[in-house]
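Here the chain labels run A, B, C and D in written order, and each chain numbers its own residues starting at 1.
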Amino acid sequence: MTFTEEQLRRVGPLWDRMLSHRFLLETRDGTLPDETFATWMRQDYLFVEAAIPFIAGLVAKAPRDHREELAGFLPALHRELELFEERAERAGVDLRGAPPSFTCHAYVQFLLATAYRCSYAEGFTVLYVAEKAYHASWKVVREGLDEESPWWPFVENWSSRAFGEWVGWLEESVDALAEGAGHQERARMQELFELTTRYEIAFWEMAVSGEEWPGIEDGG
Amino acid sequence: MTFTEEQLRRVGPLWDRMLSHRFLLETRDGTLPDETFATWMRQDYLFVEAAIPFIAGLVAKAPRDHREELAGFLPALHRELELFEERAERAGVDLRGAPPSFTCHAYVQFLLATAYRCSYAEGFTVLYVAEKAYHASWKVVREGLDEESPWWPFVENWSSRAFGEWVGWLEESVDALAEGAGHQERARMQELFELTTRYEIAFWEMAVSGEEWPGIEDGG
Amino acid sequence: MTFTEEQLRRVGPLWDRMLSHRFLLETRDGTLPDETFATWMRQDYLFVEAAIPFIAGLVAKAPRDHREELAGFLPALHRELELFEERAERAGVDLRGAPPSFTCHAYVQFLLATAYRCSYAEGFTVLYVAEKAYHASWKVVREGLDEESPWWPFVENWSSRAFGEWVGWLEESVDALAEGAGHQERARMQELFELTTRYEIAFWEMAVSGEEWPGIEDGG
Amino acid sequence: MTFTEEQLRRVGPLWDRMLSHRFLLETRDGTLPDETFATWMRQDYLFVEAAIPFIAGLVAKAPRDHREELAGFLPALHRELELFEERAERAGVDLRGAPPSFTCHAYVQFLLATAYRCSYAEGFTVLYVAEKAYHASWKVVREGLDEESPWWPFVENWSSRAFGEWVGWLEESVDALAEGAGHQERARMQELFELTTRYEIAFWEMAVSGEEWPGIEDGG
């Protein structure tokens, strides 16, 4: 069994919880309130922006044979930002006004701290799980969402075959990195696998709960 | 007006909210449930442990005239860990079992990401606010807590004159750094000032709310 | 006077020494021994490879409005590597065999340490000087080199109008960063400006001197 | 055979070259020109200063059970600086005037880049080799130097039993880290082992050669 098979089995209950999150099911069924989707858009836009320094931080530590593929993902993130901007304009959502929510800010800090402080294989694990989670999540939405929906382009973006190939490369690569890792590094990769899954769930939850910063009920 | 005076005024409402947090008032009045204090102890123990790489990360970027003072704080953190261990044993609290809560994990990532990615003056701002907040918070507790309380040594630790002198050095230093900073760096220092205050409030809130990871009600 | 005008004037004697280095003049005049050019190729190939993590490290700290431009330079570096490979094959030079020379290794460490430890404006200064130096150096070679020379594509690469526009963007940007910097950060930018110029000279010198690691005359 | 035994055997010829370097033998025999020793003092003073951010960078990545021991080395470095200052004053050497030599600057960049970019085990390998090299080198000097020599306190500092115990802890620790490392990380540890040895030799060589920055004969 590969590392990713092993880990996806281990975090299975968390993974299922993520894929059956109300945000995904209601988006799929067309019953999610527009304002909830707008909240997600505003926060995920900030998250994609912050993914650029995260990926760059990984490129800075990458072995030679990963650099080109990984760096090639940076323009894809810039295109993703344009997708958000275009969709937001169409839906009358203002992306720029929003400060990061607590969960969005926290998740971004987790990405950055990992890229800088952990080994390449550890940081790469976080990237893999985040991308795999998005691919799987938007495939859930794809199963029911009307292709005429204004949110369809997000489905297209993350559940597409092209994105699936990127996730496939990440999967093979993380398996190879785990294969070459010592047992302590491998243990840290496992821990980060689960933590990333937890942050992914927290992100969907934040969108539907209208979360405030803890202890600051009225937004501070 | 110095930078810190200016900022403490600007974030005043947040700062007041922090100092009047239920965790502090009830600890002061001796009405906080033991289990709530135990939750805080377990999480703050993890936080102090993680403060060591944070401080070390700052030392790595520090100008020559800050290095010795800042590095001298590392043994103080090791003594703080011993204080937690000794108090926990006395109160029958097991410090080692607990995984980090969402807020604790997030706050630690924020410290680490800042130490690595931001400028020295920016990272130093976060350190100052966290230490100033603890000094001020435990002075609130001091106003009412019985000196016979098992928690008194925490009051002693953070509201002491010695700790106050350390905070004084941090305050003078951050003011000097802000004085020498360009306007963009100074703007980022201000943003981090507020963010750190928000994380401090979130930490007290986590202790009293018995917080779970978002979207994982039963602890996952 | 802009920051770059000021600094180019300040390091003028070093800059002149660089532009009149024997490596450049003899390449221009077609009198440089092939083996010397091959030494440079092998070492600069390693240097360009290492510039990828350096640029990525800068992207990881870049303000939003620099990220896309800067990340767009990564594919240019991959194309530069292909240029080396293609030229080397044509000239029968084996690029892969060579370990880094002392100066090449040292310069790479300087880039990486700067990207990680210094502020963005400081790291960006090093990038600007290195690129400006290459643009200026290969314009010297352009003045005399026969367009039929196998080395002409290097002249084309670094003295081209497109490369000049990139250097122009770097120049405007570093001037703006210096404008916004506090006096201490600006002083560090000046120091790095000179240091980078010194490393550039050392690199040409290494190619012509057939340098060994110091104290290891026979290559160790 | 442990990792360090294996590596010390592998780099044996380089290690021997280091221990029989003219700087060490002539210091031992009392025949080294005072000005050469002064050059070394000025540069090593800068090097010890820069070792502080290097060690701090390692502490920031260290596993919990290494942090206290490693952080405890920071005050030792401050005491080493005082030793230099005291010896320099006694010998009428001005430590403050000198800019770093090329080799000193390069070695420092190597330390910092490694601490930030490489894994903990890799950075720790560099620390071990540098300390082991100093311990071994000053034991060579100890064999002949007159205890009345003004340089004797340096011998005492690095060839002492206390320093030997520190090197012993580093040795056990690096062996354990290598044991737990995957084969790629271990290969990088080996490469860094040799590189550090080369930089150590370069440092002694710089002191005796009166090295200038390459290509800048008159000091630029």
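Here, a residue touches a chain if its C-beta (ideal position, glycine included) is under 8 Å from a C-beta of that chain, and two chains touch if they have at least 3 such contacts.
Every value quoted in this text rests on a predicted model; they were computed, and no experiment measured them.
J.: Going by the touch criterion stated earlier, list every chain that contacts subunit A and also contacts subunit D.
T.: B, C
J.: If you tally contacting C-beta pairs, which comes out ahead, C-D or A-C? Let me know.
T.: C-D
J.: Would you kindly state whether over half or under half of the residue numbers at the subunit A/subunit B interface are used by both copies, giving same or different?
T.: Same residues, largely: of all residue numbers at this interface, over half are found in both copies.
J.: Taking A-D as the reference interface, identify its repeat among A-B, B-C or B-D, namely the pair sharing over half of the contact pairs by residue number.
T.: B-C
J.: Quick check: how many Å separate the C-alpha centres of subunit A and subunit C?
T.: For subunit A versus subunit C, the centre distance works out to 36 Å.
J.: With chain centres defined as C-alpha means, what is the inter-centre distance between subunit C and subunit D in Å?
T.: Centre separation, subunit C to subunit D: 29 Å.
J.: Quick one: which residues in subunit B touch 2 or more of the other chains?
T.: 53, 60-61, 116-117
J.: Classify the chain contact graph as line, ring, star, complete or other.
T.: complete
J.: Which part of subunit B faces subunit C closely enough to touch in the complex?
T.: Listed in rising order, the residues of subunit B that touch subunit C are 60-61, 116-117, 119, 180-185.
J.: For the complex, which residues does subunit C have touching subunit A?
T.: These residues of subunit C touch subunit A: 49, 52-54, 56-57, 59-62, 64, 67-68, 71-72, 74-75, 78, 115-116.
J.: Which residues of subunit A touch subunit B in the complex?
T.: 13-14, 17, 21, 53, 102-103, 105-106, 108-110, 112-113, 116-117, 195, 198, 201-202, 204-206, 209, 211, 213-216, 220
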